[in-house]
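After this come two complexes, each holding chain A, first together with chain B and then together with chain C.
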Partner chain A sequence: MAFESNVDIEHPVHDLRTEAMKNFELKGFPSKKEEAWKYTSLNSLQKIDFSIFPKEENALEYKEVKKYFLHEIDSYKIVFIDGIYSSYLSETTHDGVDICLMSSALTKPMYRPVIDVYFNKIASKDESLTTLNTAFSREGAYIYIPKNKMPKKPVEIIHFSTGNEASLLLQPRNLIIAEENAELQVIERHQSLTSNEVLTNSVTEIFAADNAIVDYYKIQNDAENASLIDNTYIDQKSKSAVSVHTFSFGGKLTRNNLNFYQNGQHVDSTMKGVTILGNKQHVDHHTLVHHIEPNCESHQDYKGIYGENATGVFNGKIIVDKIAQKTNAFQQNNNLLVSDKATINTKPQLEIFADDVKCSHGCTIGQLDEDALFYLQSRGIPKKEARALLMYAFANNVLASVRIPEVKARINKLIAKKLGVNLGFDL
Partner chain B sequence: MLKITDLHAGIEDKEILKGINLEVNAGEVHAIMGPNGSGKSTLSAVIAGKEEFEVTKGSVELNGEDLDEVSPEERAHKGVFLSFQYPVEIPGVSVTNFIKTAINESRKARGLEEMPANKMLKLIREKSELLDIDRRFLSRSLNEGFSGGEKKRNEIFQMAMLEPKLAILDETDSGLDIDALRIVANGVNKLKSKDNAVIVITHYQRLLEYIVPDFVHVLHNGKIVKSGGKELALELEEKGYDWLKNEAVV
Partner chain C sequence: MAYTEEELKKELETKEYEYGFYTDIESDTLPVGLNEDIIIAISKKKEEPEWMTLWRLEAFKYWKEMEEPEWANVHYKKPDFQSISYYSAPNKKPKYNSLDEVDPELLETFKKLGISVDEQKKLAGVAVDIVMDSVSVATTFKKTLAEKGIIFCSISEAIKEHPELVKKYIGSVVPKRDNFYAALNSAVFSDGSFCYIPKGVKCPMELSTYFRINQAGTGQFERTLVIADEGSYVSYLEGCTAPSRDENQLHAAVVELIALDDAEIKYSTVQNWFPGDKEGKGGVYNFVTKRGLCEKNAKISWTQVETGSAVTWKYPSCILKGDNSIGEFYSIAVTNNFQQADTGTKMIHLGKNTRSTIISKGISAGKSQNSYRGLVQVNSRAENARNFSQCDSLLMGNECGAHTFPYIEAKNKTAQIEHEATTSKIGEDQIFYCNQRGIDTEKAIALIVNGFSKEVLNKLPMEFAVEAQKLLEISLEGSVG
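So, the complex of A and B:
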């Protein structure tokens, strides 16, 4: 890949970009030699000649893409087509809250005070893909929820790629701020509409001030040649609660770098995931929760089902600083391998420097229970449905914490579809 | 209804069933008794179609059809039901959703529409009352954390819902307290008719006082070594199995 610069010197974040570019040039793309990238290779993606800026703007009719929206409920929508904002498909607002575009937040003077305080403040300055994004990204979602506010409806951030470019590199950048006591629900989705190559290198910064509540749902059910590197950084202040649910069913290669920093006391961080893969799909979940202050909790529960030649990685790092006494950190990663050729690498990484902490972690890798399968079949449930039922049941408890019923229903449907069955009920 | 002829079956190289002959007709109740490890559960699993066991010789026929190539779910659709000696725990699937799925899959296989929700609810209410099952119980995960007796009662609840033609009850009485035994036996008796048949596997004569068998068979070392009427169960209770083991050698 080669990057041509096309930069605006006057831009308020110009210096950040220049520095990020320098850092990226220094490090280059991560290689399998690095511990954090041992099981995920970007080699084949790097060989592709991606275009960075689409040559022409593309339009989409709502009815063509309606099914990718959570159309059962009303929502704010920030929609991009090949990386370019689509005002036609979007519904933004400035009514007490700002739900709009990153590009305008970065250029309009009225947003300058917020940008100065938050932009690129929690995102890594040296992780190479994050710096690449910082250097090149121009667009994304900007959400600012002032103190004590809550938007009337959830926000959907959707990126479509139309396949009009043979191969496209997208680098969206989202900045999400929930001030004191604010509440927010976000659903993010990347959807390629053809089998052309797409690589998305996304960076999202989320700031949750005291008592703020943010629920973030990532629906990763992309087309066969779409790859995603998701870098999400979350800064939490006292008594805030942030949850991220990641549903990974599609795509070619998906890497989730999910980083929680607990910069306050009595913080609650939740990371949940359901991964169901087949073919040669690959998903790598790298989570980090850094307990910096005392009296905080973190809950991680990732379930993975791997079939055919699919490969999965779960690497969950928990750091508990010396002063972070009374930390409760839970981590669970359970996996089912439903084919002989599927693989999963799972690894907890605990760095605990405080002595008064409760920390539990467990990973399991298993197969479908033959006795359970026979039990279901003996009651008249066909093998395929019985297998699906067991897989469904295996992943089920992760959905319990999804607070938008329509999202839960949608995920249930996607799971049933992925498993190739119609079970006729939600678990 | 069921005709088993010279059935040999086992697992890997180990032969467990060594030539079983058994005929069960509609309207009959058969009891199978026999020492631990004699092959009773294996026989029931083979009848229900568990693929883990390989049939090496002989046949199992249901209403004249050889079941050799028939999957467990198809056998269920044809009316075979096995109440498991050790019911499997299935976390994440409620009893209600499970039984709904089972009933509707069977109906689908018979070319019937799904059972309407209100009819299903009524049926569930009726059968859970028959077996004195608390409604709250039905929303729990299938068998997960159920006591031994609760699991057995839940098996019979499923049987009552599915109304099988041939029910095999593998030690349904073990783990049941005296009251539960009566309730479960009563449930089984209510379902009995001239059109269906029951095979009761048990170690104890006690159950057979409630579910009275027409025939009692003794399975020993993979073979039926003695058959008789209900009085055979009493004789076994008194004498144990040793005299039969010797008889088999003779």
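So, the complex of A and C:
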């Protein structure tokens, strides 16, 4: 392979990369024979000849891409174009907190102590796609919030792909650390600007120390030529609260591997998602909550609306270790199938080894209530809008926990657009 | 609290298997090992026609190409298939006309089991087909059934006397190459029950089979085929026990149910194979394939109470092929000590307006692992399919595990599927409430476990429900008064 010429052998994480590469060579891409990939095939992606390292730097004008930013509010921005950092579009800071680049964090000696402690510590060392990322990722966001700090504004991480390459493989790598009592809000987005194929294999590691609060919003509304494999690993210490909201509306194939490890007591983990798909879109949500310590809570709520030929997959796994007594773990997955050709596969899974726990999961697949629809129609609301209104209501309680009002407003607009209606009130 | 978990644990550990005794009956056993000659020998011993021998050999061919499944959430030492004797029949085998002719030692065995044939005959009005170490020894009430045109006999008898029915239906629901154990069973099955209910006949009594593994080092491979012709009804009971023995015994059965248009089959199982001792030594490996096919407006209902076996791997399923057909699954699985159970169901919705209900209750104690694994599949042409699933787990002690693996696949927009699962322990407040009303802790736990399982116990036929309740108590003795 021609990768060697692009790899810096002197790099501090070179050993990790070599190790990871070995693992990937051993395992290869996951196939449908593996239980975790039973419902998602990567075959179509493997046929494409992706270029791994873009040849040239590409620039974008802010006004061209302004709509993809959360422009209503001020935010720190870490922007990548075809995987390469764009200083022109970005706004980073070192003022009390570090919101900057992975590449500089990996190379500059001043970050070395943090990298040594955190980099690749929680990310899987044997999951093949994660190790592929570890082996080849060069860039991403690096966010370090020291004790008792909170950045003045939310952080936006945006990846643009320009389509200047016929097909591109992006492998961003993010490292996010919130020390004791720190607080942080992150909004992440991947956006392809043309109809050329893009595959993103992203890995994010989040460390939340005691009492830290992290809110992470993933907006997945990419063009329908883009595929995303998003691997997120979260390590939580005592009394920390981390929430991840995933909004999946776009993309061709999206696979979310969201892993929570509760390494402390009184931890609160929240994962919520709204998925609305049409066409031949495929979204696979794979969540894992590992309750390692006692007295913790986890809340999961995923809503899905599947139309046309779309396929939705939900696989939620809760593991409660023997010592993790007094765990409260809740999982909810509700789905609406609105087309004859849409498919939903769901597997809410519990593995419980402790006895003094409250664990429950619920899962439904159904249709809109005909009576409710009739009620709305009888009051002069056209059928299409009535349906959209009901679907909106169906997804709404996931939005209730979104803490940035502008993000909520943006998601509402995306939902209305995806449902193809103007609901006539400001969502 | 007067009653601590420590005490509970101790009591559970010291609890011995009550049905562990060995009956000394001369058996006619084939040499250990598995090859084509053995299969031909089994077939010959059973005086089978040639098509059956060929059928077995074909299954054996498939089996050789297959690998033992590893996906289940159970861990055990793989049985060595070459060190098992595939056939063991009680030696003195006259063709009985009445119970009096049965080997008195055998009858003694049944008495110890508490299923004394004649007693059941008189009291319960149950026709029993007993399979002891693979050969059906006694079939009672045959005459009464024959008057209605019902065929209830051993499968080997059916192969000889009703080849057209057997040929048509055997392997139609569980094909020879369905899975590793089904293929093995198809190749070597030694006996089992056959039941045919003619058109429009409502079987006047509960049909029952009792399985028991007796001979050391034998695997039991029985095959059950139940056919309910159009508009008929049958309720079928199956119970299993095995004497305690140090080595693991293998049990790989196949049960096929066929419910033709408007027919209804109710199949109840109480399984109490030897679960191994408190160190997890010995016990039965229970790898069973059970499946039913529903034609139009037909209904199949599986009810199971699983308290035995060291390792259980069992998924009674319904293929809802006909429109308006109904599938039901009610299960209680109790594991204690080192038992492992991976059990559940598959509901495959193919026809329109098909409905299925799944109620599964898992109780784990000791160091056991209890898993529910289920599949609800709605195919694209199954309009208005409806499913409701509920799996509840109860954990007793902090060294056991409860797991749920529900797979739900929907390809039709009119499908309505609900699934809910909970895991909990017996609440301290519940026990306090009982204590406060003068009910001691042990009785309180019994009350609560009983209440927890009631939904399923209620589905069992009366005589069986009593036995099942007894079994629950034995399995969880110490916690259940």
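Throughout what follows, the second predicted complex is superposed on the first by the 420 of 427 C-alpha atoms of A that agree within 3 Å, B and C clash if a C-alpha of one lies under 4 Å from a C-alpha of the other, contacts with A are read in each partner's own complex, and residues count from 1 in each chain.
Keep in mind that, in the parts below, contacts are C-beta pairs under 8 Å (C-beta built on N, C-alpha and C of every residue); 3 or more make two chains touch, one makes a residue touch a chain.
Treat the numbers as computed from the prediction; the structure is a model and nothing was measured.
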### Task
Record, for the superposition on chain A, whether partners chain B and chain C clash or fit.
fit
### Task
Kindly classify A:379 by the partners it touches after superposition: chain B alone (first), chain C alone (second), both, or neither?
first
### Message
According to the stated criteria, A:367 is in contact with first (chain B), second (chain C), both, or neither; which is it?
### Response
second
### Message
Just checking: does A:35 make contact with chain B only, chain C only, both, or neither of them? Give me first, second, both or neither.
### Response
second
### Message
Of the two partners chain B and chain C, which one touches more residues belonging to chain A?
### Response
C
### Message
According to the stated criteria, A:343 is in contact with first (chain B), second (chain C), both, or neither; which is it?
### Response
second
### Task
Give one of first, second, both or neither to describe whether A:358 is in contact with chain B, with chain C, with both, or with none.
second
### Query
Looking at the overlay, what does A:393 touch: chain B (first), chain C (second), both, or neither?
first
### Task
Please provide the least distance in Å between a C-alpha atom of chain B and a C-alpha atom of chain C in the combined superposition.
15
### Query
Which chain A residues are contacted by chain C in one complex and by chain B in the other?
none
### Query
Quick one: in the complex, what on chain C touches chain A?
71, 378, 380, 393, 395-425
### Task
Please give the residue numbers of chain A that touch chain B in the complex, ascending.
369-372, 374-383, 385-386, 389-390, 392-394, 396-397, 423-425, 427
### Message
Per the contact definition, I'd like the list of chain B residues that touch chain A in the complex.
### Response
45, 48-52, 71-73, 75-77, 80-82, 84, 87-94, 97-98, 100-106, 109, 114, 158, 162
## Note on the structure
Interface with chain C, chain A side, in the complex: residues 35, 322, 325, 335, 337-367
